[in-house]
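Okay, got some structures for you below.
Both complexes below contain subunit A, partnered by subunit B and then by subunit C.
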Partner chain A sequence: MFIINCPYCGEREQSEFKAGGEAHIVRPKQPTELSDDEWAEYLFMRKNIKGIQLERWVHIHGCRKWFNMVRDTSNDQIHAVYKMGEKPPIK
Partner chain B sequence: MLKYTTSINDTKIFDNLKIFETSPIMKLIVRGKSREFISSVGKSLNILLPNEPNTSSSGANVTALWLSPDEWIIYANEINSDDSNSYIIESELINKISNTGLGAITDVTDQFVMLNLTGEKIYDLFMKGSPFNFNEFKKKKGAVTQTIINKIDVIIHNKNDAEVNLFVRRSFSNHLWSWLNDSARFI
Partner chain C sequence: MSDNLRTSASKFIDQTTRVSFKFDGKTYFGFKGDTLASALLANNVHLVGRSFKYHRPRGIMTSGSEEPNAIIQINKNSSVTEPNVRATEVEIYDGLEASSQNCWPSVNFDIGGINNILSPLLPAGFYYKTFMWPASFWEKYEYFIRKSAGLGQSPTEPDPDIYDHNYVHCDVLIIGGGISGIMAAKISAENNFKTLLLEEKPNLGGTTIYQKNDYFKINDQYSSEWLEKEIDQIKNLKNLEIKTRTSVAAYHGYNYLLARENLTDHLPIEKKQNTIRQRLLKIRAKKVITATGSIERPLIFDNNDRPGIMLSSAIKKYADFYGVACGKENVLFTNNDTAYETAISLNNKGVKVNAIVDIREENKSDLTNEINNAGIKIYNSYTVINTKGYKKINKITIMKLSKDGKTVTDSKVDIKCDCLGVSGGWTPAVHLFTQSGGKLKFDDNDNIFIPNKYPSDQLSIGSCNGNLELEDIISNINVSLKNFLKIDKTNFEKLKINSSKSISKRNIWLLPSNKTVSKTKAFVDFQNDATAKDIKLALREGFRSIEHVKRYTTTGMGTDQGKLGNMNALGIISDTSNVKMSDLGTTTFRPPYTPLTFGTIVGRNVGEFFDTFRKTPMHDWHVQYKAKFENVGQWKRAWYYPKGNESMHDAVQRESKAAREGAGILDASTLGKIDIQGSDASEFLNRVYTNAWSKLAVGKCRYGLMLNEDGMVYDDGVTTRLSENHYIMTTTTGGAANVLGKLEDYLQTEWPELDVYLTSVTDHYATASVCGPNSKKIISKIIPNLDLSDESFPHMSFKNAKIGNIKCRVMRISFTGEQSYEINIQANYGKSLWEKCMEAGNEFNITPYGTETMHLLRAEKGFIIVGQDTDATLTPIDLQMDWIVSKKKYDFIGKRSLYRSDTIRDDRKQLVGILTDDPNEVLEEGAQIVADTSKKPVEMLGHITSSYFSPNLNKSIALGVVKGGKNMMGQKLFVPMKDKIINVKIADPVFLDKENKRLNA
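The block that comes next holds the complex of A and B.
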């Protein structure tokens, strides 16, 4: 159990949230020009980092807004949360 | 006259705690972002939509609860007569907001069940099944939260000292009602 600071509602317990996978994956501009391999790369392949990862989360049982999170996957420590469309607050 | 079928239709009294369903109560979801939207809703309702998170504002006829940066639930302060299920406020808002494209108005009167809880033991009851920290919430009149109780989504409005209005989706209302009654035996 850990506490997540929703950028809209404030600190709430983890069970109110849902994780949405890796953040900042850009959809290719011209999907029709991609090979199947490149398309699969975009669609399915994720870094699955051990350590600090940028992720999408949604406050599903609260304001139902999506936001981004900087989380260490090895110890669940949350370093930052930031709204959709904002730049990650780390290097 | 309309034949209302309420979901709960019951009142329970425990030590320092009373729970019942308030019905029929008009409930509307309003969504929008622009400044014109906020001021237009404000004019129609005669209250300002709260823009501070987890708060509410109340006027003579209706109360508005903050749900998210672009979403509010508005509910009537008084029970509706059972002659009709169309509301003056709703048609006013549809004219001023929906029809002008400023935002969206949705009638959720029958989607949400409103439970009224009174007594000193309200938060002892909630604490048995909710991860939300009610310490600050219970001291702040008008506070609003969306959270889960026994894994059921709820909207809670701190109406007054020791008085709370709770909104739950109708299909979950009997399940929540059973849980509230069961848990109230142990507080």
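The block that comes next holds the complex of A and C.
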């Protein structure tokens, strides 16, 4: 069980959080103008990296805020957390 | 049999307090402080079980949690019985009843022993090879395999004991209370770290605490005496908490550990009552120091599993700690010096040591000199090639090892013995370190795997770190702890240490014999009966990965997870396949380190605390009126209200008729309610629902369908515009929390520019829904000044009202197809609102109905239930709900997916009505729908999602999904059941009042 440093609340147990998949996948502004393939790219295609991954988390049993995390999936080390809309900190 | 093998008084055992216990029905006596194993050995009982596969007689082999053989059942046939307990860990108490496992009818005469004679027929992978074919026979084989294989019995009654969970936080957690752990605890606590020291045994001090040997001294005292004083001192340290009988089961990432604290298992029966038996500690430590010690390795030779063959270190502990001699004619067989310590201990106590067989060509140390002086014969460069004695060892045969250690030479020598102590060196207990994600490296010098890289803020010290000599242990602690705790000095930098050192080393994983391996039974994994022969066979058959060999031979797959056998197995694989140990790697150790009881895992979360449940404000009324309840998510919802002896079917038929003919009332408080406010609320709803919301007038309600981005229906419900920028959304009962989460996600991440605020108000309101032709009259009695005329208050509209002084919201919305009013009131008035409705409705025969009737009534109208008629594979188009999908809106969640190549197929499963040819035949929900039963395999076109007998239509009705069903109106299909085929036809899903006349009736 990780300890996650919520950007709004500070360090809390992992059980207060929920993971939300890969980060920085922006919903297309004009979905209707996309081809099936382009839409499928947004809808289905996710990376599954062994190593440093940018992912979304929400403090679901806390402040309910979404934020992003830099996590190494090979050893679960969390290198950084940052707010929605911010750029990932350079590793 | 009742020999007394107590040698001398031991200060660790209270020889003034006799304890009586039973083993396999026979009464024995031991002393307070004995384990079941030490007490049995004192009574000269070695034979305690039968082996798993061959049912060979097996005896106590160790003195700790690594025990593979003495696996016993405690208090058989009682509700507190526990199987698979290690006799070496059970502390005896008056009234303890223990029994052997895996033998029938008794440990001395075991029918399964025939497997031993049949063993040439039971090679590695035997079960896989034999019983898998033909596959259809597996069920029959399984019965017999399980019968003969059983490892103990599980209890059949509820566990009466109390278990607890406890969160613990500390700066430094130290696992293991041996000499290393004690030193670390002192250093840590005296440097102001909040320290927790855990020890799995009842006492602190590990193996050092009973070390009274002239060649192991600290500051000129016996190491045991020195350590005793240290223990006395640390007990007074205020920063230090010590828990004994507490074993760490799991070491997870981020220094999160689980430990089991055993509080009452060692107490007499009368002291176990009404108190917590075991406690699961959930520990979060800033730093962890692992000082779990090491486990002695057996040696691998023919017939190395007879009762009386034990680890050399165990024999020493039984002698020095418990004052018990494991035999009267002892022989030690070793590849290192520690067996000499055992011999010295035995010799000092007057217990006879017949010989030491040492595979090393020579050894020169203080200990060797002592043995020579004692006149004990040492056979250097010899190996044991066989042992004799069925239920207890009585003889060993030894031969000289060749120079290369691969063969034996010269003539056989027989040595008489009733106890053989073996030592194949020491394996650091790195289980917890690897559980935490740590990687190991192989040390060729000592043939051990030791910690390499720490994955978290942790440190291994002592022999679990590969420091096997006293001097190394202490000097390493001094260096590593300063660095780990960032302190300048430790308390132990000026210790004077005298210790004998093991200088010569020789390691042979599989000892040679005068027979070929295939003719020997050299056990590697004692619990699972895996032999060296099995491992070699697996390699010959092409298994290469250590994980595959493990599964094929079952090596390391017992409840002990191969604590004794894994290293030897690896060694044999390495030698046979010519792969270096460091390249081979190890198998994975998984939590728990030792088995945990289910009671400890669940703690207090049993019975009514198993899961929380939610009750509506009207709950007590439903209970009073004998409602049956159903679980919807965590909610308890009234399911139906049987009158007298009414069956569920009869009750639902009555309730359904009453709701359409007179009046019905439903507790709808569980529906999710989300308060939506903000200047962009309308735009927000436009984006999350498939239909348009901008033009919804204040005071009006609208049904909405919410999709996932993949176009599949996610949730539905009615949303009401309370004022210009204020809506209240309802969701399904089960979907409430997820819908709120999804809406928040979009607001925070995709549309942060929208001015919208969401608040869950599900628990703030109680909702009573009154429906039926008399509903208007009933509402007018409760709220006389409310204008209920169809012109002023039409279907799908809302009004604020007051009942007495209490504000409420009245929505005219319907899920039944009847004229219907939903009153939402502050939750604490819910029951009183309900009672008012019942009172006002009395003259109209108002009938409370539950969820089952609600489901029936909406099915008559063809209204879907998300989650029952849908399963995240249906679009609104599939549901024939095209009308709710706005063509004009530029975008909404899931819109683009509604015309993907896959979602526009004609042959998708589509929701249709299903009518049976026989109107009395009610279909089973989940039943398959087919068109042609003759062509095999039969093509499944779809399945029934909802099915009821409609009392209002007096016939069976059903909803179902059918491939291409939309264009199959009237078509005949079949629903094949176990004993018959039911003829059905596709129908309009709206069975009743298609014109919606009843809404305004």
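We take it that the second predicted complex is superposed on the first by the 90 of 91 C-alpha atoms of A that agree within 3 Å, B and C clash if a C-alpha of one lies under 4 Å from a C-alpha of the other, contacts with A are read in each partner's own complex, and residues count from 1 in each chain.
In this section, a residue touches a chain if its C-beta (ideal position, glycine included) is under 8 Å from a C-beta of that chain, and two chains touch if they have at least 3 such contacts.
In this text, all values refer to a predicted model and were calculated from it rather than measured experimentally.
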{"item": "First (subunit B), second (subunit C), both or neither touched by A:48", "value": "neither"}
{"item": "Partner chain in contact with A:10 - subunit B first, subunit C second, else both or neither", "value": "first"}
{"item": "Partner chain(s) touched by A:31 [first = subunit B, second = subunit C, both, neither]", "value": "second"}
{"item": "Residue contacts with subunit A in the superposition, subunit B compared against subunit C", "value": "C"}
{"item": "Touching partner for A:64 - first (subunit B), second (subunit C), both, neither", "value": "both"}
{"item": "Touching partner for A:20 - first (subunit B), second (subunit C), both, neither", "value": "second"}
{"item": "Shared contact residues on subunit A - subunit B and subunit C", "value": "1, 64-65"}
{"item": "Residues of subunit A that touch subunit C when the two form their complex", "value": "1-3, 18, 20, 26-27, 30-32, 34, 36, 39-40, 43, 56, 58, 60, 64-66, 75-76, 84-85"}
{"item": "Subunit A residues touching subunit B - in the complex, by the definition given at the top", "value": "1, 8-13, 15-16, 61-65"}
{"item": "Interfacial residue positions of subunit B with respect to subunit A in the complex", "value": "53-54, 67-69, 71, 131-133, 145-148, 153"}
{"item": "Subunit A partner contacts - residues on subunit C that touch it in the complex", "value": "252-254, 256, 284, 437, 455, 709-710, 741, 744-745, 748-750, 752, 890-891, 895-897, 900-901"}
